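For reference, the structure is listed below as structure tokens.
As written, the chain order gives the labels A, B and C, with residue 1 at the start of each chain.
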Amino acid sequence: MKKHALGIYAALALAFLHVPLLVLIAFSFNASRFTVWEGFSLRWYQAAIADPQLGEGLLNSVIIAVIASAIATIIGTLAAYGMWRRSSPVLSGALYLSLVTPEIVTGVSLLALFQWTFRFLHLHLGIFTVVVAHVAFSIAYVAIVVSARLRDYDRTLEEAAMDLGASEWRAFRLVTLPLLAPAIAAAGLLALVVSFDDYVITSLVAGVDSETLPMVIYAMARRGVSPVVNAVSAFIVVLFGGLILLSQRLQQK
Amino acid sequence: MNLRRLCLLPARLWTALFFAIPLAIVVAYSFLTRGDYGGVEQPWTLENYQRLADPLYLAILWRSVWIAALATALCALLGFPLALFIVRAGARRNLYLQLVLLPFWTSFLVRTYAWLFILRDTGLINTMLLSLHLIRTPLQLLYNEGAVLTGLVYNFLPFFVLPVYATLERLDPALLEAAADLGARPFATLRRVIIPLSTPGIVAGSVLVFIPCLGAYLTPDLLGGGKSVMLGNLVQNQFTTARDWPFGSAASLILMLASAILLILLMRSRAARELM
Amino acid sequence: MDPVLELRNVIKDFPGQRAVDHVSLTLEPGGFYSLLGPSGCGKTTTLRLIGGFDQPTAGEVLLNGARVDGLKPYERNVSTVFQNYALFPHLTALRNVEFGLRERRAVNSESKALAALELVQLAAKQDRYPAQLSGGEKQRVALARSIVLEPQLLLLDEPLAALDPKLRKQMRAELKAMQRKTGIAFLFVTHDQEEALSLSDKLAVMNQGRIEQFGTPMDVYLRPATPFVAGFLGAINWFGKAGVRPESTRISHEIPEGVPWRRAAVESTLFLGNCVHLNALLENGDRVIAEVPRDHHTFQEGESVCIHWRPADELHFE
């Protein structure tokens, strides 16, 4: 009995972790809007697809995520490579700090920056500011994933390339970069997910006409629970799950 | 300029422009005054920090620390046995690790919303209890500290499990056999050998849970109603509805400092050295 | 008086392999015993069965006349010194030694632990942590930790394997002295036959899960029961079914009278300091080693010589 106590506990703990999401997804297929099962239906998915706000939010989220993750991946990869060549305590310290800083603080500080500079620049909050914010907090994630791969990377490969006549840059581009490609892709996917999921920072720096999907969901959740939110949530769960799985597979290559 | 410098340049620029400078601005604002129309203007003052010492705001500070500490303690209590179980699963360790992390690979917003769905008056729990005639009126499960704690523990449990698992994985099995050989029954071995030796993981896990919980915003916002205002909610409120940016900046800075100090302490501790 | 340990037809199976195959053994209290054998012969598995870390598939394990097969390690009056010492890194040497005593809620546990540390001459380092101790010191702390519990049987799993040769020889002497002083029966597992021969009152030679011979060092060396035992305990020359030790193998230029002999060609000589080993090739292609004293060495490479021995020195097996 004692031996199985831990196993029973673990089963309960894992159930605690999984049941809420499973329940959420299950009820997205519920025919009625109440939390009583009344039959299988896809009406909420249909409603979600037909909802223009959700559609616009999704579009904005996708645009922002793709652009931000692309930029963050480039910057983050270069940073990881640079720090691998020789460590930069200041930069790695700043990146760690950016990971640990509460999102609300990052958000309001960026809002303060934008508000202050936009007086001179005649710009306003919009997709552009959201992208800038997303890149700022994603760089650290990308750097971590790529750095992890670089830790196992053999330095002498680049030295061999240079010995054979390649410049530093060409050695990086022709030897290291291809070998890093799976990790870079994995990092990019991670940045994509992190950007897509963000609510707190985005809500502070987005303008009126650049609502992202999380912002729309948040507004709907605030108004009251609707199975449409369940449906969108289920969609997000599957989407993120797939992206992360892909990212992990790439990291193992 | 050499290649390395060039590679680091974009990151350094972006981090300086969009992380360091914004924070500097917030620091500056925290010492300024609120303008009539919600702007920020001189004079320089310490008033914002003094205002934080007001009982109303101290209560919020204290509540944030208290909830974060409680959430950390719960994560430790729930997470340690889970980590232990995974380590003992032998060949299936990775499978269970993935199972623990799986919910984490979804949206934070969705995970928090799930509890909204479950705990509200017409939510899953109440509906079930009502239909089973165990209660007559719905239980108030939502919009209180308990709901916030549930949401926090649910979201940050993996942050505790992972470092503890990493430490337990490195434990030499011969030490457990030696303890048994010397007369220690399983619970004594747990108490005298396993737990002391997993201290680095426990410390790291605790800090990794405490810091985000301290600065939580979305969870108390969605699950706490107006009753569990935490520091994060205060900051958000000051920067939007209340339009008192200097005061909000002061609160942000307190939050920021607390997080940074804890992180630095962790990085320099024996725990970090043992885990790296 | 009950034997301190009795194994009766013990079998231990793992998936796809029988690690311990019908092993029976009886050890008397107060003796120094060894389990000798090559890697994979089952000696460590046997030790773990006695210590309680594994359960036998079949057979009985008795300690002091009582069956212990089902009992956990903390329920047996046996203590183990692990190969890598398994000292608790978060406890000082003193607290490590005190561990088992505190588990028993013994009185004066601290002074008893200190006395045990004095026994291994490490009282001065009682407040050091394992990371601050050398290999030899760690081994002595592990020993003290087990001895302080006054078990009737002490199991040692290749405790000297991680030490350098000079330290190993020194520790051997200390272990033997410790055993004599405490009167605890020691069961020492090793793959080093020199160690087993020099330390043991009796030793068991294991091969592929079976005990091939259990006897005194002299018995096992001079009267090996099987070819394996003969070959494992020292070098051996085979002449057909008969085996002869190098130190009993003689070399001469002329044909000897009255003793069995073979013609051979000297291949090489190995100077070992106190004696010389001559490698010679027999006419049938076998190689033999003859051990000759330093000053008797007058043989050249390539020379044709006569290998001979006394019939009494032959070892025969079924």
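A few comments on the model shown:
The rule is short, and it goes like this: a contact is a pair of C-beta atoms (placed from the backbone, for glycine too) under 8 Å apart; a residue touches a chain by one contact, two chains touch by 3 or more.
Since we're looking at a predicted model, the values are computed, not measured.
In terms of the stated touch criterion, chain B and chain C have no partners in common.
Among the other chains, C has the CA centre that is most remote from the centre of chain B. Central chain assignment: B. Criterion: smallest distance from chain C-alpha mean to the mean of all protein C-alpha atoms.
Centres computed as Cα averages put chain B at a distance of 56 Å from chain C. Distance from the chain A centre to the chain C centre is 60 Å, each centre being the mean of its Cα atoms. Here the CA centre of chain A is 18 Å from the CA centre of chain B. By the touch criterion given at the top, residues 2-8, 10-12, 14-15, 18-23, 25-26, 29, 78, 81-82, 84-86, 88, 96, 99-100, 102-103, 105-111, 113-118, 120, 122-124, 127, 131, 154, 157, 186, 211-212, 214-218, 222, 232, 235-236, 239-240, 245, 248-249, 252, 255-256, 259-260, 263, 267 of chain B touch chain A in their complex.
Of all the residues in chain B, the ones that touch chain C in their complex are 172, 174-175, 177-185, 188, 192-193, 196-197, 199. The touching residues of chain A, when paired with chain B in their complex, are 2, 6-7, 9-10, 13-14, 16-18, 20-21, 23-24, 27, 34-36, 74-76, 78-79, 81-83, 85-86, 88, 91, 94-98, 100-113, 116, 132-133, 135-136, 139, 143, 168-169, 172, 193, 196-197, 199-200, 204, 214, 217-218, 221-222, 225, 229-230, 233, 236-237, 240-241, 244-245. By the touch rule above, chain C contacts chain B in their complex via residues 51-53, 72-74, 78-80, 82-84, 86-90, 99-100, 103-104, 145-146, 149.
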